[in-house]
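Here come two complexes built around subunit A, the first alongside subunit B, the second alongside subunit C.
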Partner chain A sequence: MQKKNWKAWLYLLPAIAFLSVFMVYPLIDVFVYSFEEGYNSASQTFWGTGLYNYSYVLHDPYFLQAVKNTFILVIITVPVSTGLALLISLGLNSIRRLRDFFQTVFFLPYVTNTLAVGMVFMILFKKTPYSDGLINLLIQFFGGQSVDFIDGPYWAKILVMCIYTVWVVMPFKILILTSALASVPQDYYNAARVDGTPPLRIFTRITLPMIAPMVFYLVITGFIGAFKAYSDEVAIFGTNLNAAGMNTIVGYVYDMLYGDSGGYPSYASAAALILFAIVLTITVINLMIGRKSTQF
Partner chain B sequence: MDYEKDSLRVKRRGRVRSVITYALLGLWALIVLFPFYWMLLTSVKSYSAYNAEYIPSFFTLSPILQNYVDAFTTVNLARYFVNTVIFTLATTAIMMVVIIFAAYAFARLDFPGRDLVFGLFLSLMMIPAELVVITNFVTITNWGMRNTFWGLILPSVTSVFYIYLLKENFEQIPEELYKAAKVDGTSDLKYLFKVMLPISQPTVVTIVILKVIECWNSYVWPRLITDDETRFLVSNGIQEIRENGFGRENIPAMMAAVVVISVPLIVLFLIFRKKIMAGVSRGGTKG
Partner chain C sequence: MKVVLDHLTKRFPSRSKKGGDVIAVNDFTFEIPDGQLIGLLGPSGCGKSTTLNLICGLETPTEGRIFFGEDDVTHLPPENRGVGLVFQNYALYPHMTVLQNILFPLQNLKGEARPSKEDMRRRAEEAARLVQIDMLLDRRPAELSGGQQQRVAIARALVKTPRVLLLDEPLSNLDARLRLQTREEIRRIQRETGVTTIFVTHDQEEAMSISDLIIVMKDGFVHQIGKPQTVYDEPCNLFVATFLGTPQINLFEGRVENGKLYIGQDAVLKVDCADREKLTVGVRPEGFVLQEDGPLCCALQAVEVMGRDHSVVSTHPAAVSTTIRSIIPSEETPQVKSGSVRFRLKPFKTYLFDAGTGERIPFSAV
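For the complex of A and B:
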């Protein structure tokens, strides 16, 4: 028996070792960093402990810009993508022909390198000396004013960012909602049809309650994912997000850590912990609302 | 008579609805596919032809492959590509070993404190990567592992979630098999490789594919840990190409590089479509 215990721990050893070094220790360390004031990564010294790093980050205009961008992104993309995914999944569920084809196509963005495809979006939206870009030509065709979506006004950049984010997150949502819809027992629909229930009522009284837990799951993961947005923005606006005014909170953390403005792990830690606090708060609020609204 | 009219009306309404449904789905399919078409199209246009088009044409009658040659000769695309393949294979292989042993210990072996340790593992799932990446960056730097494969690989060779997924799968294998094997004198290790892994093959394959996708697309960690161009992965490589590569205006060559980077995963997806989609709906998160 004793020998067996010893063996079990041996099996677990690699996992425990890696998790301790790269998960548990860093988790403690990030708090330590965030309270060390004036940390110098070259000499590994600091001159005090306290809340200065938090105060610095909260007063940094780049951070405030990043918070603003991130919140706009979350507030727009989560409802839009969830609603759109629901609509598309309902459509998918009601057809038989071409269904497999559509499902495959809709899933494609999930398996693509978002950095690479983001560049295609950049080209479609960008205005160059040679051409206004396809999207602008479309806008002009319909009688609108062309605008530079990549280097132009703030609202235009936000718009591109949201469009690309929605494009990227849709596959996961469609996949989850389609399988949720498929698992609603057909008997319910048959019974409703016998009673002559109108379609809208079937949707609000049968479909929606049955898939509510999954919609709710998507909203929560959607919020968390959108708060951590970063690489999609790099793909469209380039690595210097601060200059473009399009940084996100996670981008701010990484910029503080590394790159031209880097070398400040203390500020990065404080910003990361602020982000964590925001995400935790929003998730708890979501859970509280969810518990109320998914109980029937 | 009345009934016939009624059923005709219902039929017509059904047809209208299905036309609208197909139009909607077709529109989204167009939105999804168009960027792929556009990168493929642009990548076979010549540099001069592309820049001469004020209104870009939607097809080309004289496709050329010069951009692909450029992508492999004037920038280091081949190097990025090989680096990514090495990184992906090594990370996935090491992770599989780590998680298979851990899942086996949790699923089959009895030892004091097992449930407690497993609970601790699960609680680690809630920790966002953004929190730990700061210290990991410092750790890897202190170990002198920047710009090395080990520096890229080591932090991502464990996944609590995959351990959990595999453990659930292992536990479904009847205990009787294990006891029978014990009676026959089969060692634990042999039992794991000869019985449990073959039975759990679908889950193992799913995990491998999900990890490969994750590795191929990883951007943040490689960007932090490599600044030597010869160690870039494709995500950083494409960013480098965009900012310093062919010159900002050579969009067709850039698109050729984008196509080269995107193709492997798309091929993988088309081969393992069912598995990937089932795997993602069970355990993927993105969005």
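For the complex of A and C:
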């Protein structure tokens, strides 16, 4: 065993080299930066070490806004997108005709450029001198007051953000869930039919437990993905997310590094590590729940 | 509960637009007596599984009717027929324990029929005890051996006290030793419960060993129905004769001339049927008797030792297959390793079939 070990390491070498240079080293560096107070990237100097960066970030109203936005996004979009995707997959699974067609349609957002989708949402929601946007036209048609979704009240902006995110993340979930549903052996359903199981009970007692591992996988990756949201916000609200009040944690990190108010790698590192801690906690909780209910 | 199949036919529409319908079951009429164990036997694709699905209601017949006792169940959905079905791969729910699996059919019952919680538990335990898995109730299917899973599946099918128990290839997922054990187990459970049981198999040995009656099917048609020994001894046609029995029946090209049955140049038997230019002669492996001056002369190839018997492999110019195989008690085995051997044929192990249709031609030796 010992003799052959060097060979294994040799095979692993290319991956290890790349990962250490581009993943491990930056991670350690971020960790170090986050404790270096007043670090200046140009002169490579800092005053001292301590928790000041964390304290600054946690007291920064922009960061707190970003945390709030991110959490709202996560809490709304993950369950809604997973639930909707499950409904659509069940629908797709129970039709014969046009199934391939609908599957393609539902998968289209996945292969569409984020910014192009952003443009479509602009047309739907943005007020311009010429039009109030398609949605507002609809609201007016039904006798409602038009709302400025892009520059208007906070709830309207969050709403657009959530709809957008749900729409973007759904195709992948539908893809995974339709294949998970299709892989449940027909015999289970036949057995249930012979035993006279009502449809709802078939779903809750057979279908759902059988696809539970996939649902949990989607929830976990959904949480992680939603916590990392950034580009979608830019696509809709533009680059100055702080001004729009729609920043996310990743957006805050980016702004701290490169934005107009940027140039603070220490603050950015501290914020990034706070995000890491949040994601880690949530994922561990998810895994603990998941392990309990998908074990067989 | 007797099961009556009345002109049962199932046609599946063809996949391609040109081809006609596929007839899976063709005009199946039979009355299965109450409390019997029936083996539905045939090669794969013969329609036996479709027949089973028709009886349990997963498929609806194109024509014909099905009765359980006096009830016409042809158009009843499966849950109202009172059938228990055991699937080939058992279809146990992997996320439920053995007990939950067995309870599942009971928990589906509604209204009056729904037993109380204690009652369900009692019935589930009773079913588990019947198939001898009552010590495994808290395990999950993945923690059970194939044979144990099989028993759980049978318990789940029996817990509702079905009128008819259906088993779809119940033994094909088990290894050889377990198969032998389990088929006796199925026999015992069937005897104890007295439930009319129909099981599908492609393994003739399996069907013959435990069934009260076997039904031999091919291409949607029922070829022969009868007691296993009767079907083996009196096959109605060439297909049934070749399908039953291991080693397979030996086939020769033969003819009848002047009251003598010829295999090639050898006049093997005196028979009482009319002369025929061409027919197929089938001889069961146990139908050969070694005899110094026997009429059938074969070239010896090998002697395979099987313990109690020896299997003598030889060739004959008129044989349909390349070798012919005869089972000879070990003390009578020839001592030579090559050369020619001569056999006498037992008339009641020798069958004549029409060379074209494969229908059996009755004869008696004189």
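The rule is short, and it goes like this: the second predicted complex is superposed on the first by the 277 of 296 C-alpha atoms of A that agree within 3 Å, B and C clash if a C-alpha of one lies under 4 Å from a C-alpha of the other, contacts with A are read in each partner's own complex, and residues count from 1 in each chain.
Just so we're on the same page, contacts are C-beta pairs under 8 Å (C-beta built on N, C-alpha and C of every residue); 3 or more make two chains touch, one makes a residue touch a chain.
Predicted, not measured: the structure shown is a model, and the values here were computed from it.
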Partner chain in contact with A:33 - subunit B first, subunit C second, else both or neither: first
Partner chain in contact with A:201 - subunit B first, subunit C second, else both or neither: second
Partner, of subunit C and subunit B, that touches more residues belonging to subunit A: B
Partner chain(s) touched by A:149 [first = subunit B, second = subunit C, both, neither]: neither
Partner chain in contact with A:239 - subunit B first, subunit C second, else both or neither: first
Which of subunit B and subunit C A:210 touches, first, second, both or neither: second
Subunit B versus subunit C as contact partner of A:191, first or second or both or neither: second
Contact set on subunit A toward subunit B in their complex: 4-5, 7-9, 11-12, 14-16, 18-19, 21-27, 29-30, 33, 41, 81, 87-88, 91-92, 94-95, 98, 102-117, 119-121, 123-124, 128, 130-132, 134, 137, 167-173, 175-176, 179, 218, 221-222, 225, 228, 230-231, 234, 238-239, 250, 253-254, 257-258, 265, 268-269, 272-273, 275-276, 279
Residue numbers on subunit A that touch subunit C, as the complex places them: 185, 187-188, 190-191, 193-198, 201, 205-206, 209-210, 212, 296
For the subunit B and subunit A complex, residues of the former touching the latter: 17-18, 21-22, 24-25, 28-29, 31-33, 35-36, 38-39, 42, 51-56, 97-99, 101-102, 104-106, 109-112, 114, 117, 121, 124, 127-128, 130-139, 154-155, 157-158, 160, 163, 188, 213, 216-217, 219-220, 223-224, 234-235, 238-239, 242-243, 249, 251, 254-255, 257-258, 261-262, 265-266, 268-270, 273, 276-277, 280-281, 284-287
Touch list for subunit C against partner subunit A, complex: 56-58, 77-80, 83-85, 87, 89, 91, 93-95, 104-105, 108-109, 140, 142, 160
